[in-house]
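Common to both upcoming complexes is subunit A, partnered first by subunit B, then by subunit C.
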Partner chain A sequence: MASPPLLLVAAFTGFPIVLAVAYSLGHTGGLNQTTALIAQHQHITDEWWGTLGAYREVLTNPRFRRDLGVTVMVTVVSTSIVLVLALIIALYLRLTGGWAAKLLTVLAIVPQFIPVVIASWSVLMFYAPDGFLRSVFAQAGLEGPTFGYTVSGVVIAQVWCSLPFAVLMCASGVQAVPDALIDAARDAGAGLVRTTFSVILPMAFVPIVIAATFTGIGIIGSFTVPYFTGPNAPTMLGVDMANYFTAYNMPQQSIVMAVVVFGAASLIALAYIWANFRSSKEAGA
Partner chain B sequence: MTIPLNDPTAAAAPHPDAVQADPMQADGLRLDGLHKELGGRTIVDDLSLHVAAGELVCLLGPSGCGKTTTLRMIAGFLEPDRGAVVVSGRDVTHLPPERRPSAMVFQNYALWPHMTVAKNVAFPLKLAKRPRSEVNERVDRVLQLVNLLHHKDSRPGRISGGEQQRTALARALVQEPAVLLLDEPLSNLDAKLRVRVREDIREIQQRLGITTVMVTHDQDEAMAMSDRVAVMNDGRIEQVSAPRELYSNPRTEFVASFVGSVNKVPGRLTPSTLSADDGLTSAVRPESVRLDADGGRPARVTRVTPHGHFTEVRVSLDEGVDLVSYVTGAAPEVDDRVGVELGEVWYFREGERVE
Partner chain C sequence: MALARRSLLTLTALAGAATVAGCAKKSTDATAPQGSASGSSGGANLTVFLSGDTNMQELWEKALIPAFVKANPGYSVKVQLDLHGEHDAQTKAKLTAAQSQGKDSGLDLIDAGFVTGLAEAGIMEPISTSNVPNLDGVPADVVTAGKGGGIPYRGSSVLLAYDPAKVTKVPTTLDEVLAWIKANPGQFTYCPPKSGGSGGAWVTTVLDKYLDPTAAEKLRTTYDQEAMKGWSKGFAELKGLGPSIYQKGVYPNGNSQVLELLASGQISMCTVWSDQFISGQKTGLVPDKIKATQISNPSFTGGAAYLGVPKASAKKEHALKLANFVLSSDAQVLIANQIAGFPVIPLEKLPDETQKIFKEAHPDVLRPGYLDKVGNDMSAQWDQLVPGK
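Moving on, here comes the complex of A and B:
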């Protein structure tokens, strides 16, 4: 028996997905008719199952391939940086617990309260060719680096926006490791580094994986950050999708890209499910 | 110091008298004037104690008396403000816990849930970079000792409380520590299991001859397991004695009332009289209050509480003093007239025993 929430998800998320995928396969009739009426450069099917024309076109497009590469690269690099920073802050807080650690944690969470659009703009202004950083350098007669409108700028802004959630997750996961288990490791002869890698991090494994997957999925589908801080080309697929959908009026190609991003996000989600499964198995459930 | 885990002849249980005969020998554990303040409060106050090699000493006291703080200073989790911790003649006061020759069994066992029983036990040996074959052999041997070989590959979450307790003990023993520290090791077990596990621990400790310090607030546990008991109150040791001595010859009023029960009466209570004596407290154990239908001081029974193998009888002497007596066998009824005879009575002034 389907429960009401399930029905709701099926009606408002599942059904539109089916429609969109059907459209990407060249089914332009039925509920897709209105979109298809004004869309340009469509692949229309004669077969009952559809055509892979739109997929072939997008997947062989060098611009798409380059942007897919940039998207994956920005996601992997930003998620890695975010995780490392979040874990350093979380461990620092766990192992020292002084006022400096608490202050750092609070500071790391501040970006959560700043809308992404404002944050992106601020990052751009800070690192732009005529931005704050270069102005300060120029005062000293030096040539500062330019990160505005570069992929590096996108990574910096992604890290900035994703850090608060990762810090909250990692800090709570690391804080949840009981003192006695850390004491026991030290009593057994483990120094701080060994205690961290053999006891604290494995025990905080699930929250860390959750932080990583949520951060990764957030970044891979992001629009605002690369739109503001990145270059026009190469850019991330979120920006491409918006461009193909609105600026170029090619919704079919846009949907194909969405399917590819969705597939990549599903891979990340698998890691999340695996981690949860592993933890429930560990607990003896 | 190494302890051959599987050779009972090589590490025979030391004779309790022999242990106490020479408490100043260099082996074992010595605490010299340990002092610790936390948050402006004195937790441990100039505490000195010598635990002879192979001896089991209990730190017994109420919550907040500083016994756990003392144990954590021995383990190295806390550094004393003053004083020294000396293990086998070596001053370890300023060493971090990972470099001390002590091993601790934690109150909640503190087993790592992501490791199997065998991996939990092997962890200290891996840290010590012992060869793999030696690790496997020692882990098997110690798991056999605590009778857990069949749970080698189980995770701690899947075994019972008693088995977790033994795993924690195995993890400490496998390190062949110079000093074994037990932090309320039985408090999470049910009553029956507690008695069995405490016998197991005592038996293993004696067989291996490990110098051991145990913290507990349970006097039964302390009495049953220890060579000597150190009763702590307010950060100080009130008395260190063998269990029997502690019970029969308490040196302070606190020890008399904390270990076992005691009737306390202000003034001087003798077997035949009660006279006012300012600042003097008389104390008599309930089993030294004997009820007799024929002789003794006249009294009336005011309450009778059966406890199974004995009955707690509260009587009111005609002089107006209430006393509790433990009666085995037939007990009187409420409102019965009885005669009361007193055995040994102790006298305390300002908490110290005076007679």
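Moving on, here comes the complex of A and C:
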């Protein structure tokens, strides 16, 4: 019954999750003992099932709610921008082609090879008060915007870091649409817009959903980008979790936040699973 | 059957996806500790664990360890650095777990902010002049603050750094600094207390201004939640400063990030660690024109840094020998020269030129910061109350 991969997943992913969730419910004994020995502001259970004290504390904290809102907002906005940009590049490559389109695709993939820490730092420098953008504006005698240490800066950096994967997925999905179908649509009198929305995008639906879900899951749990480029407050939950875990020595609250992010990421993952089932059904499996 | 296999595949793919996403967003982790076996003939392979900046790594690797090995052939000493102490909580848990199981953690000498906390919990080897002879002459209250297991080995203090070209009348008291910040919006900032001690000292000092002296004194040694309630006025003052801070409330993460803003001229005043400032001027990171001074009433906090030897270490005597060497006059001069750390041993034991530099700032007169646990709560409350609208 228990196949080796299942055991592996259970041992390295499942078991620590169970342990962490038990700790968040106030079970501080057993394997959680060492963590509990040092942590501050713990909620310890005296019921057999646990206590929701830590959840109550975190969920009623206005700062957590604010940061959860920011995290969701950044995830939705960044993922949408990434998808739109990736689709524009993919369609341009598919429908027009040529060296300009290829160059654009290659450029969009470059961030894949740059470590996130370096990318975040350079985004910060680029949009700093003495950065490139404002310097260019200043040449023309204008006052440019400062995006360093703002939520807009976080969105810019997230888009920058997430674009390559989305471009790769969307481009390959759109490329896989057979020429015959596009030609047939054109012969039947469909214009560019109609061909795109009625033929190409539905055909490439699954890769697009995969691009969107992976981008969304990556952004919702990100730490480096908001830590470097974002404001001190509000910030994303990845940064909050690290702060609670190390700086404030409150691991229990940190785990509660992780559970919330896990829940949110699971919702995104549902879309991915649904797309997968749909595609295997279409394949006739 | 087919369905079961497909869902398993999906599950594996999901797990794979999570791993990939995790890797892409995560920065590099600290390397795993390396086991080291003790050598023969009086020597040993020691591992020194550092929680701090790269300047500490250089101090140990380029100055202290070569001098120690030269004086004590047969020893070899390795350094393990946790940059900015990002994994302090994990290191503490590791040492605590090693102690409760009576096992060697692989770390023989610890140089970190949490040493005194662990000493208090009984995880560090108790020290005295009998096992660390060079402690003789170190100010008694500095040794006491080590909670019996921390070996004070250097001091440092937070100072007010400023650009004389823009700050014409240099503030000398905390009230004058606060007035200057409000009069010159956008020209001052500090790092969040969790991300660096220079910001921590600034926040501590402003909070102390509104605390009654007995409560402030208590928070140095005990975790007293009642006394912490007195912080509200100080936090209100810090929040009120917000619009006058750099970019209307930007607090960069890290001591050096703030110092960099001052060096590049984006701000004209900030708080800074004495050692970081002096060595920054030596290396050219901080321009010569930038000056630093201590304020009074109250002064910025500072204190000693502590070494600790885990009780469970199998090479305790060897680690204590290294610690004792760090307190020798030779090593203290190295620390003074390399990172401008204040010596903790009596100044008369040191050469004249070193004495001259540190005449004004002996660690026994430095105002200590809050207790470790109190500091954690201060960081949490600062994040909650100060930044943002």
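In the analysis below, the second predicted complex is superposed on the first by the 285 of 285 C-alpha atoms of A that agree within 3 Å, B and C clash if a C-alpha of one lies under 4 Å from a C-alpha of the other, contacts with A are read in each partner's own complex, and residues count from 1 in each chain.
Throughout what follows, contacts are C-beta pairs under 8 Å (C-beta built on N, C-alpha and C of every residue); 3 or more make two chains touch, one makes a residue touch a chain.
As the structure is a computational prediction, the values presented were derived from the model and not from experiment.
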{"item": "Subunit C versus subunit B on the shared subunit A, clash or fit after superposition", "value": "fit"}
{"item": "Touched partner set for A:Gly191, first subunit B, second subunit C, both or neither", "value": "first"}
{"item": "Vertex subunit A; arms to subunit B and subunit C (CA centroids, nearest 10 degrees)", "value": "150"}
{"item": "Partner touching more residues of subunit A, whether subunit B or subunit C", "value": "C"}
{"item": "Which superposed partner A:Pro178 touches (first subunit B, second subunit C, both, neither)", "value": "first"}
{"item": "Which superposed partner A:Gln139 touches (first subunit B, second subunit C, both, neither)", "value": "neither"}
{"item": "Touching partner for A:Thr60 - first (subunit B), second (subunit C), both, neither", "value": "neither"}
{"item": "Touched partner set for A:Met203, first subunit B, second subunit C, both or neither", "value": "first"}
{"item": "Partner chain(s) touched by A:Thr224 [first = subunit B, second = subunit C, both, neither]", "value": "second"}
{"item": "Where subunit B and subunit C come nearest after superposition, their Cα distance in Å", "value": "19"}
{"item": "Shared subunit A surface residues [contacts with subunit B and with subunit C]", "value": "none"}
{"item": "Subunit A - residues contacting subunit B, complex", "value": "178, 180-181, 183-191, 194, 198-199, 202-203, 205, 282-284"}
{"item": "Partner subunit A, residues of subunit B touching it in the complex", "value": "75-77, 96-99, 102-104, 106-108, 110-114, 123-124, 127-128, 155, 157-158, 171, 175"}
{"item": "Complex interface listing, subunit A residues touching subunit C", "value": "3, 5-6, 9, 13, 34-35, 37-38, 40, 63, 115-117, 129-130, 146, 149, 161, 214, 217-218, 221-225, 227-228, 231-234, 238, 243-251, 269, 272-273, 276-277, 280, 285"}
{"item": "Residue ranges of subunit C in contact with subunit A within the complex", "value": "2, 6, 8, 10-15, 17-18, 20-22, 24-27, 86-89, 92-93, 96-97, 100, 192, 194-195, 247, 249-253, 264, 266, 373, 376-377, 379-380, 383-384, 386-388"}
